[in-house]
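What follows is chain A paired twice: with chain B in the first complex and chain C in the second.
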Partner chain A sequence: MLQRFTTNVWKGRWAYFFIAPAMIPFAIFTAYPLVQGLLLSFYKAGVNRDKWKYIGLKNYTNLLTRDPVFPTAIKNTFLFVLGVVPAAMVICLFVAVLIYPLSQRKQTFFRAAFYMPVVSAGVVLAMVWVYIYSQEYGLLNYIFESLGLLNLLNDGEKIGWLAQTNTALLSLAIVVLSWSLGQPLILFLAGLGAIPEPLYDAAKIDGANSWQSFWKITLPLLRPTMLFVLVVLTIAVFQVFVVVQLMTLGGPANATQTIVYRIWVTGIVGSKFGYGSAMAVILLSIVSVVAIVQFKLLDRQLT
Partner chain B sequence: MKHLQLLLVLAAMLVVLLAPAQAQEPVTITYWTDPALSQPISLPQFTELAEFENWQAEQFMEMHPHVTVEVRGLDWPDLATVVPTALAAGDPPDILKDYLGRTSGYGVEGVTVDLFSLVPQEEIDDLLPGLVELYTIDGSLHAMPTYFWNHAMIVNKALFDQAGLGDMVPVDDRAWSMDEFYEAATAIKAAGIGVDFPYTLQVASEQGDYDFHAFIWGAGGEIWNADCTTGFDDPKTLAGLEFVNKLYQEGLINSDATTAAYADQVNNLFTGKSAIMGGGMGVLNNRIGNGVRDGDVTVDMDPVVVTYPHAEGEVPGLGVGPTGFAVFDKGRSAYEMEWVAEFLLFLNSTEAQVTYTQNNSQFPARASAGVPLEDDANYALTLSLIQERGTENLGLACPGFYEVRISQPPHWQAMFLGQETPQQALEALASEAEFILDM
Partner chain C sequence: MAATAYETSGGMLPGDQMLRRRYLVGRWLRYLALTIVVVLALILLIPIVWMILGSFKIQRVALAYPPELIPSNPVMDNWERLLIGRPSMRWLLNSLVVAGGIAIFGVITSTCAGYAFGKKDFPGRTLFFWMILMTMMLPRQIYIIPLFVLMKSLGWFNSYQGMIAPYIVYPFGVFLMRQYMQSIPDELLEAARMDGASELQLFRHMIVPLSRPAIGAIAIFAFMAGWNDYLWQLVLATDELWLTLPVGVAKLTASGVGSIDIGVSMAGATFAVIPMLLIFLLFQNYFIKGITVGALKG
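What follows is the complex of A and B.
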């Protein structure tokens, strides 16, 4: 058995040699911490390594049965994903289809405009958004006031977008959405470019209108891109953290707590490394299940 | 015999030659510091984080050329994250300057060096006994206190005078009842001089909690009891909470308190939107003093120190919190620890404490440092208030202090937003605290 294994390794030595530059850093910086994190989740672990104590599943049972904030964080994270991911997909697809027929120069302009938030500093963008949402001096309240919407929505009172529990999560979701459009748009444009033009010509000859071409040609042939975007975007939004950390600190009244923010607050700030690791493992499990379901569903439609 | 003599002489020479060589063996000490001295008064050349501490380190290195001190300045958020992760990774600094609420956690975890065994007894005897007691965890001195700050109310009396309400500010005994405070706040708001929110507060993060807790102490309630249990089930705590909630609901506290930052609080005071905020001598001299000097204050400013409002029959103490130097156990040799101790004592010498406390307007932990700002009337007044009324128990050395601290703002926010009653907020906090302390 061992001999067969070593023979196989020897046979594929060049393959192993060439993937080593990728695999070694992966093993050190991804796989090892992942395993360590998993192991740590079974420990009561603080800043003193000598006092780390194996406690079995206690971190998990505490999280799922006693922790007063974690269930809210799970709920909020799902709300983020359910709100942001479909919206980003639809907006990006819509914009991509709109700008694809434009000249290369115009396309480049729109690509750059939508991609700008991706390459901009999160802190700067968050500050801009805090200003936009400011109750006293905010641009959004100014616009709503100018349009007479404040009278309609809040009896003429300025709205504290980040200060109210019923608007804070939505407000943050819009910020995350604005940051999430760049990459999918680029991918959708690339996907559109890969669809053979003769298919549209044939459809036109057959009397198909634009709407029918979109449904029958564009959408089916974009499915592989959509699957990729869906999975990547879902994983990214599940990890929403920066906007929470910079704009609301999980408040008001825990209305914007998310799983990763809880990991940060409990695991790092609170120095409960084992407990934080258990949260991370739960997040990993949720994201894995969701990604597998997405793959299964869309894969079935692809084949 | 002659050979033996020669040998002995050579051996003695070797000992003489080697002894200083060993003492001069290079040592590198890492020192991480908080950003407390961000606006020094008499050392304006130090404007950047840790510049003052780097200057101190340079002085020490000049005296001891074989010692290299690496200084790292940490912002408040970094202190709560960088230090614990460094500890868990086994790479903490040799010396950390931070406030008791955090160093006590390290002391409880047993990662700090017992300074009773590192620092000479005469140095410890010079520290205020109450502080030594506070810093002693399980019989070990987990850190060496260097100064303490105070927390009181700062009232811009100029605005009350402008509204013809100057008499409502208790300048005689520096104390007002809850009713008197409420009347003064209501009156200044109604005066129409632009004071929209008489008291400025933030409950967006735990950093504003003393501005909030002080109302609870004023009612005779507690967040932490002397035995390190929490006081969320105390009826007086509820009374204090109901009072502060009433202030918010009636518009006497800034409406954005649930999301405001400390800078917003300061801005409210500087622009006259608010006339009262919480703070100590540091806020009074450094923040407001420098604000007036730099032209950031846009209204007349006559800051007056008063204590927080109290319920009938209650005499609340002042919030007081110390900062100290913790030494982490890194498995250093005795020789290296000798130099760590030497640097620690240099940082925390009487002269250093005087310079430091004069510049951040705090109170030194050494008796020999005396009263560094004795010409400052507010400084002397604050000291006398502390002596007269005592101090409140902030729970800084209690296990789970920090976790319980950060669990509170969401409930204060929920209460302000009308989603929890004060009673519900306290019940939820009691349950959360039980969970935290049980973990």
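What follows is the complex of A and C.
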């Protein structure tokens, strides 16, 4: 048994040679920090390494019961995910189905337009949107005023999109949404291309109308793509940070605090390594549970 | 308006699926929906246009309300202050080195590991592969604090190696390359082995040339990931000369809307977009290939 194992290992020596360049840095810069983060979350740990102290679950209990901001940050992060992910899925599906029949050149234009914000990077978009959202001189208020929407919504007063608790989170979510469309759209277009055309012909012969074909053929056959998009998007939106750090700093009145922003403020800026790591572990648990649930749910529907 | 089933357009080549048109609804509804799509596309492009226009406005014009849609008196002032008054060329260099380094390492580690995972059988293959795959699904921020502590003890703040090291392995690249390797027929490799090619020769003269399309996609995605890795670069760069371009231009905005120098900030944002935009326009097909390869087979 052992001998067979060692022969197999010896036979695979070249394979180990080829994975070594990946596995060694992986161990140092990913696996080791992951484990250390887990351990750190049970410590009171600051800049001075000699004063690190084991405190059991205290970081966790403090976070969930006594921290004035963290529960809000969890709630906001979920609001981001629940708002942006379904919106992005629906919009991309809608756009993909509509532009799929267009000529290749038109498709390329739309793909590029929707992918542009992905390329431009979150930082840049956040900077531009700060300007656009500005209360006194922002483009958005000007557009709303021109369309008569300011009169309708706010008695003609200009809206402080990032300064009001009831609009700040939504305003940030729209920026995040704007860069969340490019990748799903390309995936959906590819998914549509993979659906065999004769299926539609057969459905038509059987007297199905286009809505029926959409619900009975397009959607079920797109499900693997949808699952992939759903999981990838969810994980991406859970990491929302740039918009918060550049546009609101978590305000007004903590309305836009998110988990990753708290990790940065507490763990990095505030040097509370233990406390921040506990936040990270909670984020890890949430993301894992959500991803697993998504897999299970959609997998069941698949079979 | 009759909601016909998808129209089969006339004069179509048989079997040419890309040209087949299947429409969901009737003509007018379709035009309405397409209008919505066009409006959506415009909404996504407006911020980019607004940014470019803003970079040519002096502060008084930038703060005007109602805004001047086209600056009546465009100035190069902001660009001068950005390119001469700030170390923005250094920031550009930093970003190119970091993103380029991440792309090069990503390609090397992904190709080697992807080859082993896709074409070789060895004890621990599934375990190792899943370990890497898991981190593709994990937000990086989860271990950013211990990584920060590690960098501190290594003294790697304000350094290229610090910004690159955590990205030497690019999990998505490993995944993509493994998928790609599985499409290379085993017989091809066997034949080369029969001809007496050593493992290294095989890798250099067969695997690498054959996987060129995947290498292209990985290089671009790793480069983009490195270019946009704002949080980690923000954490590591404390010295102005070591900021990367996105972090550097973001500091021009310094949160707190009132006092920003909008023109310079928009010029900075534009400057930070240009390199990625060029890469995107030049290599659009690689982007699409990279995005779809990973998903459809996985």
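In this section, the second predicted complex is superposed on the first by the 275 of 303 C-alpha atoms of A that agree within 3 Å, B and C clash if a C-alpha of one lies under 4 Å from a C-alpha of the other, contacts with A are read in each partner's own complex, and residues count from 1 in each chain.
Just so it is clear, a contact is a pair of C-beta atoms (placed from the backbone, for glycine too) under 8 Å apart; a residue touches a chain by one contact, two chains touch by 3 or more.
Because the structure is a prediction, the values reported are computed rather than measured.
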Touched partner set for A:Gly250, first chain B, second chain C, both or neither: first
Touching partner for A:Leu162 - first (chain B), second (chain C), both, neither: both
Touched partner set for A:Gly270, first chain B, second chain C, both or neither: first
Which superposed partner A:Ala15 touches (first chain B, second chain C, both, neither): second
More chain A residues in contact - chain B or chain C: C
Touched partner set for A:Asn62, first chain B, second chain C, both or neither: first
Which of chain B and chain C A:Gly83 touches, first, second, both or neither: neither
Partner chain in contact with A:Asn48 - chain B first, chain C second, else both or neither: first
Shared chain A surface residues [contacts with chain B and with chain C]: 136, 162, 248-249, 268, 273
List of chain A residues in touch with chain B within their complex: 44-51, 62, 66-69, 135-136, 160, 162-165, 248-254, 265, 268-273, 275
Chain A partner contacts - residues on chain C that touch it in the complex: 3-6, 17-18, 20-25, 30, 33-34, 37, 40-48, 50-51, 54, 62-67, 108-110, 112-113, 115-117, 120-123, 125, 128, 131-132, 135, 137-150, 165-166, 168-169, 174, 199, 203, 224, 227-228, 230-231, 234-235, 246-247, 249-250, 252-253, 255, 257, 260, 262, 265-266, 268-269, 272-273, 276-277, 279-280, 284, 287-288, 291-292, 295-296, 298
List of chain A residues in touch with chain C within their complex: 5, 8-9, 11-12, 14-19, 21-23, 25-26, 28-34, 36-37, 40, 91, 94-95, 97-101, 104, 108-117, 119-132, 134, 136-137, 139, 142, 145, 162, 178, 181, 183, 186-187, 190-191, 193-194, 197, 200, 203-204, 208-211, 213-214, 224-225, 228-229, 231, 235, 238-239, 241-242, 245-249, 260, 263-264, 267-268, 273, 276-277, 280-281, 283-284, 287, 291
Residue ranges of chain B in contact with chain A within the complex: 80-81, 84-85, 87-88, 90, 105-106, 109-111, 204-205, 255-256, 258-259, 402-403, 406, 409-411, 413-414, 417, 419-420, 428, 431-432, 435, 439
